[in-house]
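For reference, chains read A, B and C in written order, and residue numbers begin at 1 within each chain.
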Amino acid sequence: MRQEMRLLLAERSLWLVSALFLLLIGYALYNGVHQTTLRDRAQAAITTDDARTRADQLSQLGRIMAGREVPSPFQNPADPARMGGGFGAHHALMPSAPLAPVALGQTDLFPGQFKVTYQSKIHFIHANDIENPWHLLSGHFDLAFVIVYLLPLLIFALSYNLLSVERESGTLKLLLSQPLALRTLVLGKVAVRAGVLLGLAVLVPLGVLLLARPESAGAGTSTLWWSLLVGAYALFWFALVVAVNAFGRSSASNAMLLVISWVVLVLIAPVLLNLGVTAASPAPSRTELATRTRMVTIEAMNRYSKLLSADYRHIGKPEVLLPKDGKIEMSGRALASYSIQKQIDEEIQPDLDRFDAQHARQQQLVARYSLLSPAAVAYEGMTALAGTGARRYAHFHDLMDGHHQAWKKFFFPRIDGGIAITEADFPRIPRFVWTEEDARLIDRQAFPALLKLVMPSLLLLGIAAWRLRSYPVV
Amino acid sequence: MLRAIGLTKTFGAQTALDRLDLDIRPGEIYCLLGANGAGKTTTINLFLNFIAPSAGEVQIDGIDVTRDPVATKQHVAYIPEQVMLYGVLSGLENLDYFSSLALGKRLPRERLLQLMDEVSLDAGAAHKRVSAYSKGMRQKIWIAVALAKQAKAYLLDEPTSGLDPQAASEFSSLLKRASEGGVAVLTTTHDLFHAKQTATRIGIMKKGRLVESLDSAQIGQTDLQALYLQHMRD
Amino acid sequence: MIALIARKDLLERGRDGRLYWAGSVVLVLLFIALAVGYGRQSEVRAEQKAAQALDYKDWLSQDQRHPHDAAHQGMHAFKPEAALAIVDPGITPYIGGTLWLQAHRQSEVKFRPAQDATGLQRFGDLSVGWIMQVLGPLLVIVLGFNAFAAERENGILRQTLSLGVSPLQLLWGKALALAASLAALLTPAALAAAVVVTLGADAGEGLDALQRFAALALGYALYLAIFIFLALGVSAASSTSRVALTVLLALWIGNAVIAPRVMSELSRHWHPSPTKLEFSKALSAGLKSEADRAWQMAFGTTERWGRDVPLNKWGYALQLDDQTGYAVYDRLYGQLWDTYERQQALQAWSGLVLPVLAVRAFSMGMAGTDFVHHRDFTTAAETHRRTIQDIMSRDLVANADPLGNQHFAYQAGPELWSQVKPFDYHPPAAIWALRRSLMSLSILGGSLLLTLAFAYAAVVRQRAL
């Protein structure tokens, strides 16, 4: 083993591959940290902006109560219909997880914040972040990409001719004339190479993360799982390399075979898997949802048409905008809009639930069949650990639904009762509080992913061990 | 027909060929003898313009090969030590392809079969894939290409090494027949026996220089051997 | 001579397994992609058409109501999926196709299909475009990597050159043979795609779809030609087949897998887009300052809908509010979309050395699934929204404002609704698309010239030994 290490160190290819890998990791981490920082900064700006708006509203309410100001009809902090709607709405935010920079996952596709109002969530959950669709199509150059797509190729570069080159140059005969089992030799060779690549793949990101995001130090479990996952993914490819070498073909055919398996497992299989999952469990039609939404809206608008035709009274009598004895008069149209939205919310919710259920079903299918592509397993596993995958977004939606309920529960009785919002109410307006998902959930998802990588690796190693027994030395 | 004037080739500080003068006329078979690295193959490569001379000139049929390499190659046929053909194609298909490259047009099938016959390859062999051919058979295909081309000069690089005695003698007679038809032949070898058997003139090369040029008819096999060994010893 | 060389290469390749197994894998994938694409598209298009028709019916059958409420109900604009989305869906999965045209605000497109898919979507879409862009070059490499290198290794090259064949003739002959084998393989798929595309196109748009398809096919032909000359050049420049294969695979991975991501990161860096918050703040600020000016002039106040604007001016005020906004939306969305287009142009330019980026831009452009087409649709939809707003406001000014102290009590009827025509969007013609894709096409051409020059140099300089 020490011999092998010395041999490998003397080879130019190791240094070349390591330098390349380091470069790729470095650039990927830079992108990851950069994008996550931008995202965090954008969210901080939103939080600040929300807080400022709320403070302004509070001081405006103070001036109104003191009789120093008459509010405008659509921006009245005393009016619960306005405060519960867009005027008073706050954002629900999903913060970046500690490991977010290693796998940007779906952060560019799924918005990480929603402006929650009393309206149906169909009105606010589709407010996408700004991103060029071309970039969404390309994807990010993050660490997960480097590991999933490029690490296998680097493994190939270092070890496609693990045994074949020794045989082709005749050194294998010399080696095996020593008291040394072929299996030990292979093990030693793989261990040295894996040590170098995995050392870079795990230690460099950890170091960078600790420097760039000190808070990630707290995410011990996720980090451990991440390292195991990277290790298991590398193990799979090393196992494949050993198995291919064990068949005793020439270096050239080994290289060809490995590249083909990479194309199939990394490029084609996930795409086919996605196709299969979509075909087996297609999402309900969004066109239909749009039509449904419109029909529900029409129905509700017709139902409250009388309220809609009521004219605003504040033109002649601005004092109606002011709260009186804790009560406030809301305009007919504001009440109509409230009632319409409430009805839409109730009626469209089952449709939205269907989408969520469908999404969950697809995710289950992926979990079941991702076995077909280690790349899919690794990618899904890494985004899950980085908190940028489907599961954490679903968790965010659950939290947001809870917040939405609380929000409605706070405002509905006030709107129904015509009760004005007071300064004392302000601290009691529901706030969205992020709570991290259950850590056991992470374990429960990471462990099967690990198994799905280790099992095929063991299978490949078994084949390799079997073939190595009859390996042609000459 | 084949002519070298003060031909010199250096690779870095090493002189591979030193002021070689040769003039091979039609009907002559000139055989270059020498150890490995004496400059025989370099000479052939220079005639084919695969490498450029450092000094001096190479002419084929009076044309400087560096000036018009493609035109001069129309007059010569080059037969390497190891003739390589396309393994998945049959002998006839290989002959068809290479002769068409040499002539710029495809020959009719009868003519191809006739050429195969001239180099004594039977019809059965013609349709077999070349991957099943022996070295001698591959060489015969290549000679057929040379015949098809009606080359005025042959350049041969160790043509008989690795051939069994029968194939070698067949080869010699093919060569003799060609030279009787007026072809100028330059061949390299380190097989003294073959040189004596086929050549009309024999040159001995050592470290890039032509140290001896003899008329084959005027020297016996044993004398040639003695002379050669003496040069190698010095 | 070139034809003779090509003929032999083809004959040889025909007896070599590579063409069959590599070719059949690609062919099978191509046909799956076509079948799946066709099935999905016919469903989506039928649904969109039905929804669009239903939407207009709902609009027309509105009861007597206030025109502004009609504007709030609004209309939907469903983006008709391009006929060639079967071949290259482009950005379709990442951009929605549904717009709700409502009062007050320019709406944003909703419902991105990728959001309804799993994370695996990010590995790519099995489409003809993806296969050609990613696997096409690999096919060329597998077929052509040893074209020169193997013949040099075994000595055939030396013999061939001794016959008086010029290296350039060999290059063209081998290129021709590669092109012919690719053509033999891909032509059936192309014909099938042409049929599917024509079948899938709307009545009367079949010819346009075919024209687009022809241009798209030309783009892919150029793209593959680039790789033919690259493979031959590298093969000529490499000492052994192994070196040639390694270099070509590295170039392929760099081009097909790494380049799109790196160039996206770079272009994002070069031409940053605003954040959502920045954008909406700029929009609000722009709208406010324009409206402030207009309200000050019209009503002597900047307070909206307050006591200083009597109800008999609300129709006019609504009209004013809408129309001052149009320019602001045009400016800000225009800037944002220009940024997107600049980002994409930057990436297309890198196509000179990373041809996948140029062919991707060109392919989407011709398929009608790129951002330029999307922008055309969004603009058409927004124009329609403004038409609705303007018709409603005009009616309010004419009929509600004279009512004095009433405004929302006013109700209009079906004659007003029918003044708004249905939203009938047709994507621009093939020639329009071609004109907008000329840049990426020329970049592809430029890239071909570069590789051709490289192949020439490599082949002329190559050693026969």
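Keep in mind that, in the parts below, contacts are C-beta pairs under 8 Å (C-beta built on N, C-alpha and C of every residue); 3 or more make two chains touch, one makes a residue touch a chain.
Because the structure is predicted, anything quoted here is derived from the model rather than measured.
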{"item": "Chain ID, smallest distance between chain and overall C-alpha centroids", "value": "C"}
{"item": "Pair of chains whose C-beta contact count is the highest in the structure", "value": "A-C"}
{"item": "Chain centre separation (chain A, chain C; CA means) in Å", "value": "26"}
{"item": "Distance from chain B to chain A - Cα centre to Cα centre, in angstrom", "value": "71"}
{"item": "Whole-Å gap between the CA centroids of chain B and chain C", "value": "61"}
{"item": "Chain A contact footprint on chain C (complex, rising order)", "value": "29, 32, 36, 44, 47-48, 51, 54-55, 58, 62-63, 65-66, 69, 72-73, 76, 78, 90-91, 93-96, 98, 100, 108, 110-126, 130, 134-135, 138, 241-242, 245-246, 249, 253, 257-258, 260-265, 267-268, 273-277, 279, 281, 303-307, 309-311, 336, 339-340, 343-344, 347, 371, 374, 405-409, 411"}
{"item": "For the chain A and chain C complex, residues of the former touching the latter", "value": "27, 31, 38, 42, 45-46, 49, 70, 72-74, 105-106, 109-111, 126-141, 145, 149-150, 153, 251-252, 255-256, 259, 263, 267-268, 270-275, 277-279, 283, 285-291, 294-295, 297-298, 301-302, 305, 308-312, 314-316, 318, 332-333, 355, 358-359, 362-363, 366, 370, 375-376, 379-380, 383, 389-390"}
{"item": "Interface residues, chain C side, partner chain B - complex", "value": "1, 4-5, 7-8, 11-12, 15-16, 154-156, 158-166, 463-465"}
{"item": "Residues on chain B engaged by chain C in the complex (per definition of touch)", "value": "45, 48, 50-51, 69-74, 76-78, 80, 82-86, 88-89, 93, 97-98, 100-102, 104, 106, 142, 145, 149, 155"}
